[in-house]
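Chain nomenclature is as follows: A, B and C, assigned in order of appearance, with residue numbering initiated at 1 for each chain independently.
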Amino acid sequence: MSESLQRTVEALLFLASDPLSEQELAEATECSAAEIEAALQALAGQYAEGRRGIRLRELGGGWTLASDPAAEDAARRLFSRRRVATLTPAQAETLAIVAYLQPISRPEITRIRGVSADSAAATLLERGLIEEAGRSQFGAVLYRTSTQFLKLFGLRTLQELPDAARWDPTPEEQAKLRERLLRAGEARAGSGAPAD
Amino acid sequence: MCATGWASELLAVGPGRYGERVSIATLDLDLDLFSGPFDLLLTLILREEVDLMELQLADVVLAYLDYLETRGDLDLETATEFIVLIAALLELKSRLMLSTEDEEELLDIEPAQAAEELLERMLEARRYRAAAGHLGELLQAEEGVRFREAPLPANLRKTIAQPTDGSQNPEILGQALGRLLAMPPAISLRHIGLPRVTVSERLAHLRGLLRRGRFSFDEAVGGADRMTVAVTLFALLELYKRGEATWEQEESFGEIAVHASAVQAPGYPEAVAG
Amino acid sequence: MSESLQRTVEALLFLASDPLSEQELAEATECSAAEIEAALQALAGQYAEGRRGIRLRELGGGWTLASDPAAEDAARRLFSRRRVATLTPAQAETLAIVAYLQPISRPEITRIRGVSADSAAATLLERGLIEEAGRSQFGAVLYRTSTQFLKLFGLRTLQELPDAARWDPTPEEQAKLRERLLRAGEARAGSGAPAD
């Protein structure tokens, strides 16, 4: 029985991102404070320094699991490499729309893409490639690209963005870029079902 | 769901009952089991060899409303799906009803080929419904398995190297924009198949015939589709109103003889039938 | 040495929220594939079922740590939310079509289902079970399943999904179906007035 409690406490500590107090653990497992204390003690033995890559630590009045500092170099290499990962198609599209039409609101980006850009925009914000630039007359947050974006793409100014005309499938169209993008986006969203 | 047994199970249901109006109650359908029109249609056709034309869709709707009520909770998504499903069935049904009347016009594919295509689509829908059942089992088997979703510790976050300047190629942005500039292909409306015919076209046609003298209405619409016949009738009424033409009909459903009005003022024609 | 590698691998698995491939682990730890494999094997022994509240799982093309389902009751009390909401039939069907036919566009999913899949697809996207995978030649967004999908459904790779043809009726059953369908069509052409 106490072994199964020990496993449950370990699972809870593993799942929680913040330290858990003994009381929280007791309530979740429906056990007494004494039982929790015993389980934590047994766990602490298992997690004794130098034996595991994870450590059990008492922190801010609670208990938490943390990675062994000895693994920090490897962790830095791992997450740095992941950070450089190329943009997904949705992110590239969203970033292109912001770069060429800034400032632009999220609903407008969605209209151009024909599908929601929320998750892509959130990632771009988090990675610091785009940033907020006030609000539109309708109250929607506007976005623009950041200095970090220019650096990452090796651009001195936005004027150095490649001319979109090079990739324009219908260069004979005369309207402004923004209007054409919106029209194509609405056609994609409205048509729904070109059989492909 | 049983992997292979469903078809034989459905096939094993009793004899056909042609000529009867089939209600959902006699079908005893478990509506919980259907997820799309193909699915329902497949079962309907297999069961008792039901002709969709004999099935009262209103009954299906009522049975479903009852079913929703007994379940107690109105699941909006399921209810919406059901409305879409019934709409699809209605469309199928109206097509079936049309096809007996205007066979040459609407049935441009052989019945055998149509059945083959329908079968294929129903089987495809069925296949992925079964696969969905399998996914449900997989998810069930993982019940209680949770993953850690904690942010990286702050000290680690700070020391993670940022991607180097100029490591991304701006061309990917131009490419992405080019793809977004492409207009999707226009949707073909061919399947709706509305013949376009205007009253003014038919007016010109009738006036042309009038200039040659008398003519019968049948001559004026010879071989045309129903829409053209209807529009031609409108055109004829318009000519009458303007006092340009009038007509005679000897007997009900008899020939309608059209000729130019003797007087340029409106009068009442003898009969209007057709 | 190998024990320290084992600890580092454990720490990395603890820190990463996505499954880590053996190659990623090898690059981060600057070790050979064989060494990583040995370390994972040793870890798997430590994490053998029933001994710990955490499990080592091979999922989504890599390795990841997960909680022992035995702790689920306590976890639900502590985090007061369900692990994954169950899927509606429409969502499950849409997910199955994406899983088997990816990359696939929304209109194509709708064609197979016979009813629109838009709301189901939006929910699956929001829950991270499917993700965008570029656009078709006609501009429709294509979808594929995500690593999150493999993780939650306990799959190492998509290849673990059984052949969808196994749910098809036998050729004899198909022949019977065809015959019935044809007969229903003939009867329809011959039968009298429609019902409603």
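One rule holds for everything that comes next: contacts are C-beta pairs under 8 Å (C-beta built on N, C-alpha and C of every residue); 3 or more make two chains touch, one makes a residue touch a chain.
Only a predicted model underlies this, so the values are computations on that prediction, with no experimental measurement involved.
Visitor: Taking each chain's centre as the mean of its CA atoms, which one is farthest from the centre of chain A?
Guide: The chain lying farthest from chain A is B.
Visitor: Of the chains shown, whose Cα centre falls closest to the middle of all protein Cα atoms?
Guide: C
Visitor: Please compute the C-alpha centroid of chain A, do the same for chain B, then give the distance between them in whole Å.
Guide: 42
Visitor: Between chain A and chain C, tell me the centre distance in angstrom, where each centre is the average of that chain's C-alpha atoms.
Guide: 21
Visitor: Approximately how many whole Å separate the CA-defined centres of chain B and chain C?
Guide: 33
Visitor: Spell out, as numbers or ranges, the residues of chain C touching 2 or more other chains.
Guide: 14-15, 65, 67, 70-71, 75, 135, 138-140
Visitor: Would you mind listing the residues of chain B that make contact with two or more other chains?
Guide: Residues 146, 148-150, 152-153, 156, 179-180, 182-185 of chain B touch two or more partner chains.
Visitor: Could you pull out which chain B residues touch chain A in their complex?
Guide: 146, 148-153, 156, 159-163, 165-187
Visitor: Report the residues of chain B in contact with chain C in the complex, numbered from low to high.
Guide: 3-4, 6-8, 11, 16, 18-19, 21-22, 35-39, 42, 45-46, 49-58, 75, 77-78, 80-81, 84-85, 88, 93, 96-97, 99-100, 103, 111-112, 114-116, 118-119, 121, 123-136, 138-139, 141-150, 152-153, 156, 179-180, 182-185
Visitor: State the interface residues of chain A toward chain C in the complex, per the touch definition above.
Guide: Chain A residues touching chain C: 4, 6-12, 14-16, 20, 24, 27-30, 51-54, 65, 67-68, 70-71, 74-75, 77-79, 81, 88-90, 113-116, 119, 184, 188, 192-196.
Visitor: Which of the residues in chain C end up touching chain B in this complex?
Guide: Going through chain C, the ones touching chain B are 14-15, 17, 55, 57, 64-67, 69-72, 75, 83-84, 86-90, 92-93, 95-97, 99-100, 112-116, 119-120, 135, 138-140, 151-155, 161-162, 164-170, 173-174, 176-178, 180-189, 191-192, 194-196.
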